[in-house]
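All chains are identified by letter, namely A, B, C and D, in their written order; residue positions are counted from 1 within each chain.
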Amino acid sequence: MAIMVDGSTKVIVQGITGHQGQFHAKSMREFGTKVVGGVTPGKGGGDVDGIPVFDTVKEAAEQTGANTTCIFVPARFARDAVFEAVNAGLGLVVVITEHIPFLDAMQFVSYAKLKGSTVIGPNCPGVTSPSFGKVGIMPSKMFAKGDVGVISRSGTLTYEIVNALSENGIGQTTCVGIGGDPIIGTNFVEALARFEEDSGTKRIVMVGEIGGTAEEEAADFIREHVTKPVYAYIAGRSAPPGKRMGHAGAIISRGRGTAESKIKALEGAGVSVAALPTDIPALVKKG
Amino acid sequence: MAIMVDGSTKVIVQGITGHQGQFHAKSMREFGTKVVGGVTPGKGGGDVDGIPVFDTVKEAAEQTGANTTCIFVPARFARDAVFEAVNAGLGLVVVITEHIPFLDAMQFVSYAKLKGSTVIGPNCPGVTSPSFGKVGIMPSKMFAKGDVGVISRSGTLTYEIVNALSENGIGQTTCVGIGGDPIIGTNFVEALARFEEDSGTKRIVMVGEIGGTAEEEAADFIREHVTKPVYAYIAGRSAPPGKRMGHAGAIISRGRGTAESKIKALEGAGVSVAALPTDIPALVKKG
Amino acid sequence: MKLFEYRAKQLMEKYGIPIPRGVLAKSPADISGAEYPVAVKAQVLVGGRGKAGGIKFASTTDEARARSKEILSMTIKGEKVKSVLLEERLDVKRELYLSFVMDRSSRSILMMASADGGVEIENVPHERISMVQVPPFGYSQFMGRILKSTFGLGDDQGKQADALARSLYSMFVAEDCELAEINPLVVTSSGKVIAADSKITINDDSLFRHPEFSEDIDDLTPLEQRAKEEDIAFVQLDGNIGVIANGAGLTMATLDILTLNGGKAGVFLDLGGTDDPRKVTKALALMKDARPAVIFLNIFGGITKCDTVASGVKDAVETVGIDIPIVARIRGVNDDIAREILKGIGIESSTDLIEAARKAVRAAVS
Amino acid sequence: MKLFEYRAKQLMEKYGIPIPRGVLAKSPADISGAEYPVAVKAQVLVGGRGKAGGIKFASTTDEARARSKEILSMTIKGEKVKSVLLEERLDVKRELYLSFVMDRSSRSILMMASADGGVEIENVPHERISMVQVPPFGYSQFMGRILKSTFGLGDDQGKQADALARSLYSMFVAEDCELAEINPLVVTSSGKVIAADSKITINDDSLFRHPEFSEDIDDLTPLEQRAKEEDIAFVQLDGNIGVIANGAGLTMATLDILTLNGGKAGVFLDLGGTDDPRKVTKALALMKDARPAVIFLNIFGGITKCDTVASGVKDAVETVGIDIPIVARIRGVNDDIAREILKGIGIESSTDLIEAARKAVRAAVS
């Protein structure tokens, strides 16, 4: 099947009347996703490309039966937007917005956990299940249906890798962009657990990068709980310590978070780690 | 088997050097419970009846391997005590203390949920599994080993009923006193779910009372999810509206929380409701 | 504890919530400073004062003095009116409803809002009420948007409602409220959003954090007040059997058993868990002053040992002098010792609950 | 952004945390008001200033002036010392460690405490550090008890440490810190608990809430500072290939590919997701000023379309004048249009990443 986004997914877009919101709402719909509504305070009652707009998520959820949201609101309003979505009972909350203060992210991640909602991101490209739809901003063209689950901290690098997989005839169940921030709603371990449970997923590709210890924790989890083959690429082998490499979370600090440490941990857990992102398809094919 | 308290349970007592803490630590141990430590700030390094005392729960948990705590600290310190227990990773937190402000209880219940700890209480007599041990203040003598799970909002009334069950040859897997406060960590639904999962429990007795809608929610849950026979007694048929009947939670307010409403809901879900507490053993025997 | 309307409004004002200008008067002579036209409102803790004639209007000082005199002489649902609040009459355009309340089911604070204010919220159809569980991190902006939409307000009044709700929430948390209700929340013709009527209940268990409420009077009878001070759960009821038991559930069950057997309790007295005979003695002294026809003592000994209770009863009989017959049912820890003690002061006790209850009912009707 | 020690201490003082009395001096003439004996401390953002001779002591004004002059002429690990902090020398009895830090794994704020202060916390054995995840509701009393026990303090100093930690936590949250570290936290001979050295990192993403930090200077190179103002992720490195890519992960991967092929990046420049050619033009202007030997442009078009990037490059070449060779690898949305545009300004582009990377490495060594 797929994880997170499937046949039952009904999406609203928070910030739908903005430039990005409008563009991606349309793109999601064109991909086949059920985009049932949008929310922009003060614009309720109107529509965007035929998608009804509401003033509040509560109204949108009650009137459309939405269970998922894709959030494009500016960073300073993001915490409130996630609170609103979780409060309205939406089960999947995809936060595209970048540059959210980490204390805000901590709070909305805690609140979501308390209420049983799944947060993806922030600062992420979203979730795409080629057979069902996409929630987020991933380019539509590169996907193929198949049995590989992809989890990635990086956007464009993922597109590069997914594109290469698809060109090599290797399709995907779901691609999850977990985001490049230090505090994220769903980490490798949580996404791996979902793919391990999903009967449609036979193999898993994970794309990590320097910073933090999420890949090391994933390695421990894989050793203990994952029976499916896992392939990985870790970006940032040549990054110097103490510098943020584009992502807020991509920083080697106090000797922790190096690519070497991550690669070693993953290999120790039986994961095939590619030296180059372009090597992933060949690795997966080799099995 | 049993729920919540079993062979793996290792208990610390927070507030062990107080009158109540000391008395019940001893009583628990005499019942066969593994009481591995106690906590009283400033008294670390000493012991109470041979039970080592620590300054912090963190030290107690690290040094004894405790996974459960029984809290006797005064109401104004209770929130912090629960925070400390949850923070130290204890999985079962039994809060005996009464008169805790409900906002404090809300916070520690949220925190426990976030960290995956189970809170019983506040204002409760605790949990007893006759085959394994007791955590709390239930009198030791009335229990018998058997296959009935008991859930109750009331203390003494439970003793009355459990005593009657035992005298009639009906033993118990676990008796859970969920507490008489409006905000409690584990409610009927959550306790019912545990008993439904427990292979050792064949029948369930629930003792409710006026106030709130927990029994009505339990009825809905029983209808949907509980396959085992459930027997109930509801106290407070003759209580007037607007008056707190001893328990902070036992109040009919704004037309909600009457015994009639609860009895009707439970009977509608196929539960046998006893008119008198003393009728419970006969009902259970009849099956 | 419930607060009087004027106290609730003082508290709301402290948190920046707009309230009508008003003057509290304990006698018709105190009404200077009132703004006319004025509403004269009985300060009582029972509900339904409006229907009972406890709110009247006046246009002049003379009228106001007359209305105040009338209301100050009233007793509403058994509660004597001791003061009136004279408030400016608002030029009401719309009446809304807003409250924060402790919600047991969701274990959170619930915000309730409805465009149908001025009637009891129990009578508003469920689908006309917006209910929002406040996140554990507190009031968040989206709640203001829900209010604006629920109330159907424009930007300016939406902002007023948002600010007011935020303040109400701050007050709810800082003052440990169980209920903070504004009904009606009024939109005036000039576009102001004002808390026209206010109800606040403070969480009793939090009073150690709020010593300033110690002078407030709850809606308790004098005996209930005395019991509260002695930390005894005590409720006065309509019947004539005074029930003393240990534990709230058992005490309630005892009431139920009496009712099923044709009796009616006049007092609910829960001893709780105690190992102090003096508490029992105090409880009996209270019970004596409540004047039931018979005292029914129902003890299931555990934490509270039966002999402790019996000793307390003995002491009460001997020192306080209990002139009301006592029927006792004693079971559990040390019940044999307890029965001996009671026998010594002429009280026969049973172990059977139903049998004892019937005996108490018979004693009450005789 | 990292704060200088003196700024960190100003902030801590604002939250009531005891700090040593001190005077900031930008020249040896500024040192009046210092308390003797005094420690003269270089104000730099790099670590390890002590070992580098950036902390010296003085007993008199003349000595202090001399030491200040010495330190103000130093460059520590490439960072020029622009000011010194002259602080009273504390009569140190014990050196402890205390910090709050954002913890990615637990998604919470972590309190770290150790009785082994004065050394880098990375060098303290793990079992000698107490780590406590702060509950989402904030600092709670039990954390103070853990501190007292970890530090091995008596009641009085335990209370001081508790109050200090509570203030430090308040500051951490109110000022959106990522790190707030006191090392050493000193217990003086007279029993005072004082923050002897302070490190604070403010969360960059929160700066919209803290305009007061806009005048602070981070440990960025002038070009990095300029990039930050233009919202471009830009990091200067040791090599000579200037990498421009779209997306942090892809940019990092590009660095890695160059390294694997014998090259070395001198600039990391992530365009991010953009549909504005002007941002690309600005990025190239920055790159020009960074003077790499070759620019390697690696675009995988998606949100950022390939032709948008090509247009920006064209504009840069035509208006800014890029005098550095450009090697391009272009794939994805509208890559055909992009290749045509680039061809028009004399840039040949490849679709193959490895091939292009090798070409860039060759161009860099030539």
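Quick note on the criterion: a residue touches a chain if its C-beta (ideal position, glycine included) is under 8 Å from a C-beta of that chain, and two chains touch if they have at least 3 such contacts.
In this text the structure is predicted, and so the values were computed from the model without any measurement.
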{"item": "Any chain in contact with chain A as well as chain D", "value": "B, C"}
{"item": "Which of C-D and B-D has more C-beta contact pairs", "value": "B-D"}
{"item": "Inter-centroid spacing, chain D versus chain B (mean Cα positions, whole Å)", "value": "51"}
{"item": "Separation of chain A from chain B, taking each centre as the mean of its C-alpha atoms, in whole Å", "value": "41"}
{"item": "Interchain centroid distance [CA atoms averaged], chain C/chain D, Å", "value": "57"}
{"item": "Averaged-CA centre spacing for the pair chain C and chain B, given as whole angstrom", "value": "27"}
{"item": "Sequence positions of chain D contacting 2 or more other chains", "value": "136-137"}
{"item": "Per-residue overlap in chain B, given as positions that touch at least 2 other chains", "value": "107, 110, 114"}
{"item": "Graph class of chain-chain contacts, one of line, ring, star, complete, other", "value": "complete"}
{"item": "In the complex with chain B, residue positions of chain C that touch it", "value": "102, 104-105, 107-109, 121-122, 136, 173, 176, 178, 203-206, 208-209, 233, 235, 237-238, 245-253, 255-260, 264-265, 268, 270, 272-273, 300-304, 331-333, 353-354"}
{"item": "Chain C to chain A touching residues, read off their complex", "value": "130, 132-133, 135-137, 140-142, 145-146, 148-149, 155"}
{"item": "In the complex, chain B residues that touch chain D", "value": "41-42, 44, 55-59, 77, 79-81, 83-84, 86-87, 107, 110-111, 114"}
{"item": "Residue ranges of chain B in contact with chain C within the complex", "value": "75-76, 99-103, 106-107, 109-110, 137-139, 141-142, 152-160, 163, 180, 182-183, 207, 209-214, 217, 233, 235-240, 243-250, 254-255, 259, 275-278"}
{"item": "Footprint of chain C on chain D - complex, ascending", "value": "136-137"}
